[in-house]
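In this document, chain identifiers A, B, C and D correspond to the written order of the chains, with residue numbering beginning at 1 in each.
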């Protein structure tokens, strides 16, 4: 028994059976990267264009040799960009390197310590990229108003953080995330902050359409086993969402509601 | 990639590949019970001897017809017992009905509202049953001292609650559970309180050896799909535990420890 | 024994001994408003210019008759404004009504359901108001990058939300709030989301410079008693912060650190 | 405005205006002990008879010289006792030293690492002491069944832990505590685990009748200031409880209940 076969994640018109999106940074080598990604079952793999060779540097190992675009949807991202101009140029470079590929993950960072997004610059860059024909998946804060605006300007997926990039702290603000999900017509994908399998399951139970992660897998002691854990956690959370959980109550007895408790 | 094949749960000398134990109450009918249990992948199935026909009542449907003891380890339990005598007798009845079967799940309840265990009576009943040759898995509070004592008197597994039976509130006291796990030499199996998939994953990430649940599956809108979610959540949590999660920290930067924060 | 006498809250060059700021909405009548505010010990009282008569409507009861500006710092706010123009005009109207009063609380809302701020409009309105000579205290999301920018453009206090206005949910994202506080040179005052006394204490223990609230007092069953509770909670939290709390650890024993736990 | 004058804590027939009970261990010297306790406003002060000289050792400094029994209710406790016999003897010794004083705080510990109570031994010692004419306030786990039994056997106050002694972790299981409070006819006083002011306020908001603490004050960087913070936090939490907090809800709008959320 599994989630219905029709339960696909739709992004920019394409259907994916996996709801786990993964990054490619921080692995020991390309072989470990490949083995972890295969174990994760991910179909969308994001690549930091400013850090990883996907063809810019001839003669060096190319990540696309181990993650061929025929098998994976490559999602170039703008990690390391701190302003609109850099972010837009990075997307344009990726489009050239990938033969007109339009799907990108935009991130415009606010500072190097927190790696929190620069929301006004993100809005500006997203607008420019959408007008330039890109299909923009966009990393942002968990601000419901900003997420809605990014959807309205044409982004194909909105990706609020759960906690700071690389923190592994898990979802900090469930209420914001829930509001974002309730108001959305495009996929909401948690990006950043997941640390372990239960964090991913919680995101899916809340109603997220998917989760993107990198550090939680790459910095586990055994990245390949953690990739398998994450695959199962995403499926478990999705199935639990679709199955409809039992109500929370104080006791098994029929009438023990939680409303009105002092906490 | 999965957990190593040797990663079996050992209870009373028998190895189980599944770490999810399930109950049989609250389902619509025997068919739904069977389908949910098959979807859960559980190998140990607990049965309330005072409520369910496993042969006591000739001529009525017998649960063992849909859950044959050749396929499942049947775990008779003493649900509904509020004193030592009733609990001990119920185990003895089960042993007769199941041809000398020694493995039982003991619960001695403190009151009908909370279904919280009566700890002194639980200790007394466990002692009697162990002396009488039973292999006792025992439901108790999350009191580390009591859990250790139950192990020392010979129980084959100790089963602290995560939250009240039938509440679905998830793990209330992670510190107690962690202390119990750290001090144990027998399996620690969370019994009661799990409400959804992530709760089960969290229990396994903490280091529990397994999780027993009933209401969370049986009272989901779609019990069979929730059973599948729980199976995956248990595996995800176990694999995440074995894989060794990334450290939690405030930011991706190397030195952002959490120690000393005001919360 | 109390916090040192020199422990004043400085806003726009003026020292306040109270760190509790209060609103004036949702009370039964002006008398209850006055009694609750006196019990709170607040010295800064915020007034929604678009809803409350502070002189706009001659011949009707004027709030300033019960809260005289000689005794309280009146803080006009732009509650109910959803765009830059309305917010700026509301501040200008308040300045006229209050004889050149410069201190205002800016809020530009994103939608009527969540009352979440519109961050880009807030940034724009703050910039206009600062240039026009206002001393701007500004309601915003708990986005550390945005909070820093509002400080850099000259706001005299930055007021991130703890949870949605009127929700009473308490602080949702302690990590964000802590980052905002650590990076700030102007007072950080939690605005919105506090529901009961402990919420206020937690904000102060985190290092906030003050807390502004309205609903938590006005919608308590006994607003005057809750105002007293909040006064004490703010002082308790501030003193606990200054006193330096004991470290958190698993047990009393010297070496039981929390770092590295699975949760 | 304050809590009504009639809002006294009644223990063994005596009324106390303070709901903060404090210990006397871990201070630098007797002078710091005295100054902190005065700042706390506590009227009941507990003393570890096996560690502190209250007359056993003639010629050495006597704690009662700085905390005279005319001003404070001295509450001898059995800290350091790991069995029934030691605990009972310690209480009897205290009664002799304090001229027939009957009020004692019983604790029978389960092990030296966790300082968790030994619940069966606690029940046995409490029964013996009550029969011997003592007025027993009793430290125990947060087990609702055990707490009720201690009340039924005649203990004058039941004192569940919030978290391990000396941990400063705050309340771990609010549901258990709430159940204990709802079912009690004697005062329920949180004993152990409070770390900072907000923890104390939360306990009072939940409905506890008082809080006993030692390490949180004595191990603060500034114990005297922390004692003042705790005094205010206890009052704030009590007043907030009596004032009746606003309901929690997702938004200010009238109909935004929390019931049925996925978390």
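The rule is short, and it goes like this: a contact is a pair of C-beta atoms (placed from the backbone, for glycine too) under 8 Å apart; a residue touches a chain by one contact, two chains touch by 3 or more.
Chain identities (UniProt): A, B, C, D = Thiazole synthase.
Keep in mind it's a predicted model, so treat the numbers as computed, not measured.
Asks: Which chains make contact with subunit A and with subunit B at once?
Replies: Neighbours common to subunit A and subunit B are C, D.
Asks: Measuring centre to centre with C-alpha atoms, which chain is farthest from subunit D?
Replies: Between subunit D and the rest, the longest centre separation is with A.
Asks: For subunit A and subunit D, what's the span in angstrom between their mean Cα positions?
Replies: 48
Asks: Measure off the straight-line distance from the CA centroid of subunit A to the CA centroid of subunit C, and report it in whole Å.
Replies: Chain centres of subunit A and subunit C, defined by C-alpha means, are spaced 34 Å apart.
Asks: Could you list the positions in subunit B whose residues touch two or more of the other chains?
Replies: 114, 164, 167, 169, 174-175, 179, 196, 202, 205, 245, 247, 250, 262, in rising order.
Asks: Subunit C touches which residues of subunit B in the complex?
Replies: 174-175, 178-179, 202, 205-207, 241, 245, 247, 250, 257-263
Asks: Which residues of subunit B touch subunit A once you look at their complex with the stated criterion?
Replies: For this pair, the touching residues of subunit B are 1-3, 35, 39, 113-115, 164-169, 195-198, 201-202, 205, 215-216, 219-233, 235-240, 242-253, 256.
Asks: Which subunit C residues qualify as touching subunit A in the complex?
Replies: Subunit C reaches subunit A through residues 110-111, 114, 116-120, 123, 141, 143-146, 163-164, 167, 169, 172-176, 179, 196, 262.
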